[in-house]
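Alright, structures below, take your time with them.
Same chain, two partners: chain A is paired with chain B first, then with chain C.
For the complex of A and B:
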């Protein structure tokens, strides 16, 4: 969904936090290091996520941005170890969560992490709840799993969390079934389920994409409030830069399976250091200019199998150099806390 | 549970079906009390002077069969056989088929492939031939016949349940449940099996009539329940060549089988509605 807010408003909101990851002395909550994920296909192995690294500090919000198929959801699902394997396979890297490598955990221990230490919400609230079970039961199920709570205690806690996520008439709602709730309410229930065990990290995979604009704003506002109250970190996966500007502290931009730019929100919006990011920002529709044509990035994302030795963006890049096609640019700092993978970054 | 019963009670047809089932079960259990005669006794006046079976009415309520036995008594005792076959054999087939189908559909991989190829093999194999082979290996008895029928009839159910499970396993709430830390056992029990209930119920109710008739076929071939033990299907098969001269011998047991199947269908339909949560709270 294109964002129609004036860019100036977004920038002002982006400025509320000026974050420099190098100033953070403590160990980050989540540290993804050189993560590579491949898929076995009939045409052979393809790599869809390559050497992805980023960190999420406790209590912060990081936006993982990119267009469809860039590997952002695969990255998120790999953190949860929910990528179906086969066909996918984690080829390398580490995912440190509170100092533990999640990739080295046995499945039983990983089950204890999911839903308890790390919560996750999905894009489709309409289909992410089991239609045959009441929402109170489904929230209670999480408490049974992780807290051993049953009966009245679980019900009480379910009511409490539903109230916290802003569901009205809770005593009645708790016994209702998903089909009796609207999309916005279902997403609130999903959030309640993800947060009922008070996780340290919430992974939100396009949490508002399936909702209409006013509900989007409500859900984001809710997430912001819950983050403040519960002190969790959020990894927000989205393709909507407007949401990133409003909501995130840091941004990780992915393109064709790699991180192309990584920075605090303000510097990224003020001076993008990768032509792809610059193109995305230019492609955002604005209300301030009447009658202008919408800007697009020409060309298409190369399919995973067709990614050569050079920069994957080279064929679409207005600033392409011969070197870009021959040699892949490494992700290096261009300013403190502002990394980009480009041989010829925009000024 | 009481709420479910309340909704079930509103369905008149289902109540009729339930009543029919209860009457049949009662008749089977109380057969020695209700039956006017011994089902195996060949009466001297059970046949007309020409040697034909008596039509309904008079001393024999539903007439007599080819050997001069009381049809009503035979139907009452036959209810025992047919209910056991229809419920136990069919139930075992449903459970076996569901189990294999769910495991194959959920686990996939080599185990799922192995189960499904075995299912295909069973499908390609003539069921009757297999039943004959199995019945020949074991000494025929009611329970062996039930087991043989179950071993033949689980195949279609497994195939349907497998397909349905693969579809269900790809649903987003399964992934969401996994993201909340649920293990495979919980996902199967809470998120997959309840969704299979409508399909399973349809197969279970449809299967009752076919299993009763399969038992009759086996009896006809001499590998089913041994005579003189009566069974509904058996009565039809032993008298079918006299259909024109003694239609009651086919009509009454046929009616009993039809009523049994219909009653289970009605109850199954109602159960499906009652168990469907989208009907709840309306």
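For the complex of A and C:
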């Protein structure tokens, strides 16, 4: 996994408090249970997300990690019920948010959750804002919708949230249009829009991938500060393990539509229990080994149609056993709070 | 803004000059002799030549063109060969009826086309979408005189809701405008549909959904603003197209518009009228486009007039 940032940033994981699986004995904020999502294609139905389960406790940050196509974005969009249907269809599972199954809600009630209780930001800040409407209108729209605010009150609150996300010259910016703003500023506006109703959960789908490295760090720092001040939980979808190490409390690693490993950040980075995670970690470039070759995981992610009965990673796995191809390993605890789906985990 | 308008005006003058040149050449390329048409079959060669001289048609073409443009610069469109009346007066007398029909036609086009297109885009691939697209195809491809006569038969003859023909009240306007609106509405619905489908794919629509907007709110607030832009350009063109008259509809409904004037002039090779009508239509197209270009930046702030 390519990562351009200095290795010193990776060390910041040490500053995180230790992961404690018993911390949230009460009901978690978000509980995804056995979520399966399929797509109808011309060749028939394919399953892109299969039996995915994880939880996000109130106020915590969970990283959902994997290569492109592993189903992490589909999972995130399914939580918001924003997956276009058709062609996609949720084939099973539950998504409990504050104790309510979002999948069972009528669409009108779900609209009340989106943008109010759950905010979402996306990878493409350049295109995620409507080019024909002012920043102030687009933020105010959320308040008009969920808070019944009008005119001056919505504008006041919009200005306030823009200030909170660190936009300068707010009085002028609020009347500007997206094309007058840089990518970093647009992502700040997106964050302001997602947080203006003070949601309990923020889903951030690759929020920094499209930004310059320096801006990436600023946006992540901003999210961290806002989380401290507003107390929301964050589900961070990323392919970047460096960001996970810096930013997350817990990690869910997905491969080919399934969760292969699930753990606190430190145990995962210290001793990965799935060969795929171990491969990802080994593939992170480090500045300590100068001139060395970049490590890669050989092979490709199998397409959904080619996923057989066994472990989807078997063909790329250095630790593969005959059993791996015959029987799919279940996701089971390998240490307290550290689950992995592997018959032959790395030592 | 003033500089923009000045430049647009200068460009428009050039365009209009080009239009007059092309029309002028075409009028004289047709293998019929306007003088023969005026003089009649039995006229002597001498009479024909004297009329030709009188009208200046014996001069070389470039000389005739320069004279024409010179008179044009003074606001003189010339006189009709046949009716001996000022072309400007003839066109001027037809203008109110033409403008009225234009307004009515565009009104119905939008009234039919926009909702149909938006709804089809929202129901893309489903029965409603297919039904609307089939109707729009029918609207576009049915000849106007068929639609016009059908409307006349049902709403004027059978039901008696509207007058059969003529010009004067708003009731006279409804059926001819609706006839034009049905064909145009078919085009607009197709354009609106494809434009809206394109917009609904955009990332900011996903953002709008993530904010909790309803499907309808999202389409109305975020979709329409962006999807309407090509439609506005098309309205600009329509202004020009309707200005040159709607010949078929005008004859079916006895509507005294520019189309009938142009049609009669073409039959009699009355070149000054043909030239005048063409010029007025060209001016209308230029103005329509300018209006569309002026409205567009009000909707999409990324577009700047330069």
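Here are a few things to note about the model shown:
The rule we apply is simple: the second predicted complex is superposed on the first by the 334 of 347 C-alpha atoms of A that agree within 3 Å, B and C clash if a C-alpha of one lies under 4 Å from a C-alpha of the other, contacts with A are read in each partner's own complex, and residues count from 1 in each chain.
Criterion: contacts are C-beta pairs under 8 Å (C-beta built on N, C-alpha and C of every residue); 3 or more make two chains touch, one makes a residue touch a chain.
Remember, predicted model here, so these are calculated numbers, not experimental data.
Three-chain overlay on chain A, with chain B and chain C in a clash. By the touch criterion stated above, A:114 is placed in contact with chain B and with chain C alike. After overlaying the two complexes on the shared chain, residue contacts for A:186 are found with neither chain B nor chain C. Once chain A of one complex is fitted onto chain A of the other, the partner contacts of A:146 extend to both chain B and chain C. Taken together, the two complexes place residues 80, 82, 108, 111-116, 119-120, 122, 124, 127-133, 141-142, 145-146, 177, 179, 190, 193-194 of chain A in contact with chain B and also with chain C.
On the side of chain A, the complex with chain C involves touching residues 80, 82, 108, 111-116, 119-120, 122, 124, 127-133, 141-142, 145-146, 177, 179, 190, 193-194. On the chain A side of its complex with chain B, the touching residues are 80, 82, 108, 111-116, 119-120, 122, 124, 127-134, 141-142, 145-146, 176-177, 179-180, 190, 193-194. Those residues of chain B that touch chain A in the complex are listed here as 171-173, 175-183, 186, 190-191, 194-195, 277-278, 280-281.
Contacts from chain C toward chain A in the complex involve residues 202-204, 206-214, 217, 221-222, 225-226, 299-302.
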